[in-house]
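Report on the following structure.
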C-alpha cells in the first residue's frame, strides 16, 4: 500500500491555471533597455563584490562582480555599456528595501566579450564543467536562486545517482519554462547531458506536468536516442516543488532538514539546464532569462527574453501597457511570488514572471473566523496542520508552532488559497519564521555581548586589583623610605 | 479512650518512620536553579531590573520575588525562557515587543570625554579621549548607561536600522478587537 | 468478573467522581491547563486514591472496627492519605523534578482533594469487600484522570480561542465543565446497581 | 515599512457563507418533507428556533461591541437553529425552541468566542440541555399528520399547539426507540414488541413518529451524499458513525435477537443519519485529520449504540456527539498527518546511502 501511495502526490490544490493567456506566445527578445539595474545579490548566499568602478566601459558577459565565499555567485554585465552608478537601489524583495546595485547604461551595441568555447564540451572534466557553471553565475532559475555549481559539487561528492529535471512549472500564469521546452528542447537536453556528465548520475528524469503536452512532445523528440526519460506527471500545485516532484517520479522522500543528495537525487530546473548548456557549450554567462509577462490587466501577455536588471516597467510597456489599472503587481507566480512595490524594480536571475492582476483575479475578501474545516490540512503538500499552527502563532506561542512542524512549511500558499475563511495562513507562517530567525540573531548577539560583559568585568577586576597592588607597593615603598629617613635622623 | 490515643499514636509513629526512611532514600540534591536562571539572563549587568546585576536578579527570580518580565533588554525571548524554566505562565502577547534598539552618537555634540566609554558594560563604544566616539552596534545591548553618563546628550537610543537581512513579515492584523 | 467490570465502568463513567458527584473540583480546575500535566496529575491522583482506598479498608477492618473506635475514622483516614501524598511527592520530586515544579502546590494539595477522602469513606459506607473497594477507588481515580485529561484538552483549545474578555479563564472553564457534565449524563442508567 | 500584500495573490472562490449555504441546501428536502408530514406546528417551531438564534447572535455580538452583520450573514446561527429544530419533537411548544436556540447560540457558541471557537456542537448541547431540563416536553412525539391530510391541525389550531402553552389533545405516540425501551423495561422482549411496530419501509419514508430530522432517513441520506459530492464534508466521519452503530448492532442482534435491535432499525431510527452526515461532520467540533474524523465518527456511533442499548435514555446521538466533542482535542493531539520527510513520530527519515558510496 505504501509503495502505491508514495507515488501519489499528497495534498495540493488546483488553482485556475490561466496559462492560456501566454502559453501560445513564442519567446521574443525584449528590445535593449537604456538602463539596467543589476543587484549584486541575486542568489542565496553571500553578495558578490563589484570588480568594476563607476565610469568603466563593460562588454556583454563581462564579469562585473565576483562571488565571495563558498556559497555565492558572480554577476556579469547583461549588455555592453558604461557603469554609471554603484549604490543602493530598490530590491526585488517584498520589503522594497535597497540593496547594492550596479547601474549600467547601455551603449546600444550589445557586444559580447570574447569567451573560450570548448570544441567538445563533453570532453571537459566534470570538475571543469562545475567550475564553468559557477563562473557563469548560474543559479537555480526556478525561483530558489541557489548557486548551481555548489549543488553540482555536493552531488558529485555524495555520489548522487539520479538527476531530476524539474519541468513542473505548477504556478498559474507562468509559461516561461513551457515555452522554453517547446522552443529550445535541444539546448535543454544538451544541458541535461552536461549535468549528467558533470555529476556522473546513472539516470536522468524530466518531470513535466501533463497540462503541457506540446512541451512533453518536444522534449521527448529532443531526448530521443539519449538515456533521458521524459515523464508526464499529474498537473497540480505545487508539483514544481522539487521534493514533491521527486516523490512523484521515484517514490522517495527527502529526509526532513536534509538535502535531495541524501537520497541520491539532484534536482535542477529546465531553465537552469538550458543556462548550463549556454554557459558550457557556448561560453555565455547568465545575463538574461525568459520571463512571462501576464495577468488580466496586461494588454498582450507574452514570454520575453529579458536582460537581467531590466526594470519591470519596460516589460509591461513592451506588452502594450495595462488595459485597466492593475490591482496588484506581482513578481513571480501568484502563489509564491511577492508584490512589486513599484515598477522600477529590476528583473533578476530568479524572476520567472511579472504579473499585473485585476481585483477579480486576486479575489481576497476580508478574513473571517476559522471554522476548522481542515481544508488546509487536506491541501498541505507537506502534511502540516496550518490551522493549528496559525492559531498558535496568533497567540504568540511560536514554540508550539514549531512543534507542529512550522520549520517544515515550504510557504507554497496552498492553505491560504483554499481557506474558505480567507485567513492569511502563509503570512502567519512567514511572520513566525522571520520572528524566529530574529530571535536566533538576538540570542547570538546576547551570547556575544554576555561574553563581552564578562571580559570587561574580568578586566575591571584585574585593573582594580593591579591598582590596589600598585597602591600597596607605593605605600610600602613610602613607609620604607620614611623608616629609612627616621633611621637616618636617629643616626644623625 | 486509651485505646484511641494509643492506636493513633502508634499509627502516627509508624507512618512517620516510614516517611522518614523514604525521605532518606529519595533525597534530592539542592537545585542549581539560580545558576540556570543566570544563564538565561543577558548578563550585561545593566541594572534596569532594579537588582544589583544579573546574579541578584537570578536570585530574586529563584526566590519568587521578581516577575519574570523584569528584564527589558532580554525581551520576549528571555521571558519565554524563564516561563519555561520556572513554570510560570505568562501571556507572551501581553509582553510588549520591544523594538531592537541601539545607542547612537550624535557626532556634532560629542566632545570625546570618554565617560560613555567607561560605563559601557559590553565595550560597545569605541574612541579615545578628545575623539568622537562611535557605537559598535553588534555589541550594544541598549542598556542606556551611556545615555545617562553623557554630559552633552550626544547619546540616545534609536531603533536598530532594518536591513534586508533583518527584515521579516509583520504579524497579520488581528481580525477583531476583543 | 463481570461485576468487577461493571463496578469499574460505574465508578469511572456513570458515577464519575468529578462530573456526577462533583468531588475533586479543585485540582480539576487547577491542573487542567496542559494535557501533559493533567495526565501526570491524573496518574499521581490514581496512585494516591488506590493506595488510600486499600490502606483505609485495612485500617477500617483491622483496626477501627475491632477496637470499636470508628469515630476516629476521618482522622485516621486523613492521616493515612497525608502520608501517602507525602510519599508520592517525594517520588515525583526524585524522578521528575520539572513535573514537581509544574504541579507545584497541587501535589501536596492532593491531601485536601475531597475525592481522595470521599472515595474511601464511600467504600466504607457501602460495606464493599476488599477487592471491590480497591476497584472502587481505582475506577473513581481513572474516571477522575479521564475527565481531567479531556478537560485539559478542551482548555488547551480554549486558551487559543478568542473568548470574550469577561469569560476568559475560569468562567469559560466552568461553563465547559458544565457542558461536559451534561454530556456525561448520557451515561445515566447505564449500570443499575 | 511598506505594508505589501502577502502571497498567494489568488484565491479559490470559496467562503464560509457558501459552505453554510450548501449545508442548508442539503437539509432542504428533508425539512420540507418534515413540514409536510407534521404540518403548521413544525413550521412554527422551526421559525421560532431560527428567529431566536438570530436574535441571540445579534444581541451577543452587539454586547461585545463586535459587528453583528458579518456574523449573521455567514449563516452559522441559522444552521445551528435549523439543526436544533430538526432534532426537536415537531409539536413542541415555542419556548422549547426559543430556549434551546438561545442556549445553543449564546452559551455554547458565543461564550466561547463565537464561530469556530466552540468546543461542543451547539445544536446537540442544546438538545441535551432541553432533554434533561424538560423531559416531558422533549419526549412527547406525535404521529405524522400530513399537512394535506384530514387529521392535520389547521393554521389556527397549530398556532395554539405551538404558542398556546397548554397540552394538546392530538394523537401522541412513542418513537420507535422509546417504544422499545419502554416495552423492554416492562419485560416485553423485542420479538413480541417489535412486530407491527417497526416497518422498515415507513422509516425510510418517515411515516413514523419522531422529530423532523429523524423521520425521513432517505432524504437526509441524499442531502448527506450531496455534501460529500460537493466536497463540503468527507466520507470518513459519516461512514464511521454508521458503522459504529451497525456493526455492534449486527453482532448483538445475531447473538441475542430477543434483546438487541438489528442494525437496520438502529440506522433508520432516531438521529443517526442526521447525526452522521450533518452533526458529526460539523468541522468546528470534530478532529482535523481524516483518520481523526474516522475515529470520531466511530466513537459517536458506538456510544450512541451503548446509550440506546443499556442507558437510561432511548436516544443517544446527542450525548454521544457531545462526549466525542470532548475527546476531539485529544484526538487532534495524537492523530496528526505524517510530515513529508518524517516518519509518523515526527523524526526525520533516514538518508538513503547512494549506490556509489556502497
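Note that the chains take the letters A, B, C and D in the order they are written out, and that residue 1 is the start of every chain.
In the analysis below, a residue touches a chain if its C-beta (ideal position, glycine included) is under 8 Å from a C-beta of that chain, and two chains touch if they have at least 3 such contacts.
This one's a predicted model, so the numbers in the text were calculated from it and none came from an experiment.
> Which chains, if any, touch subunit B and subunit D both?
A, C
> Ranking chain pairs by contacts, what comes out on top?
Here the largest contact count links A-D.
> How many angstrom lie between the centres of subunit A and subunit D, each centre taken as the mean Cα position?
50
> Compute the distance, rounded to whole Å, between the mean C-alpha positions of subunit C and subunit D.
Whole-Å distance between the two chain centres: 33.
> Which integer distance in Å separates the CA centroid of subunit A from that of subunit C?
Measuring from centre to centre gives 57 Å for this pair.
> Can you check how far apart subunit B and subunit C are, centre to centre, with Cα atoms defining each centre and the answer in Å?
Distance between chain centres: 39 Å.
> Using the touch rule from the top of the page, what residues of subunit D touch 2 or more other chains?
1, 6, 64, 113-114, 117
> Which subunit A residues touch at least two other chains?
Touching at least two other chains: 94-95, 366, 368-369, 394-395, 397, 424, 427, 430.
> Among the residues of subunit B, pick out those that touch two or more other chains and give their numbers.
162, 167, 169-170, 172, 176, 178
> Which of the residues in subunit B come into contact with subunit A in the complex?
Those residues of subunit B that touch subunit A are 42-45, 74-77, 80, 91-93, 100, 121-124, 138-141, 162-164, 166-172, 174-175.
> For the complex, give me every residue of subunit A touching subunit B.
These residues of subunit A touch subunit B: 91, 93-95, 97, 99, 366-369, 393-397, 399, 424, 427-428, 430-431, 433-435, 437-439, 441-443, 445-446, 448-450, 452-457.
> If you look only at subunit C, which of its residues touch subunit B in the complex?
Touch list, subunit C to subunit B: 33, 59, 63, 67-69, 72, 75-76, 79-80, 83, 86-87, 90-91, 93-94, 97-98, 101-102, 104, 162, 164-165.
> Okay, in this complex, where on subunit C does subunit D touch?
35, 149-151, 153-154, 156-158, 161-164, 167, 172, 175-176, 179-180, 182-191
> Show which residues of subunit D lie in contact with subunit A when the two form their complex.
The touching residues are 1-2, 4-16, 18-19, 70, 74, 76, 114-117, 283-284, 286, 288-290, 332, 336-342, 346, 348-352, 354-357.
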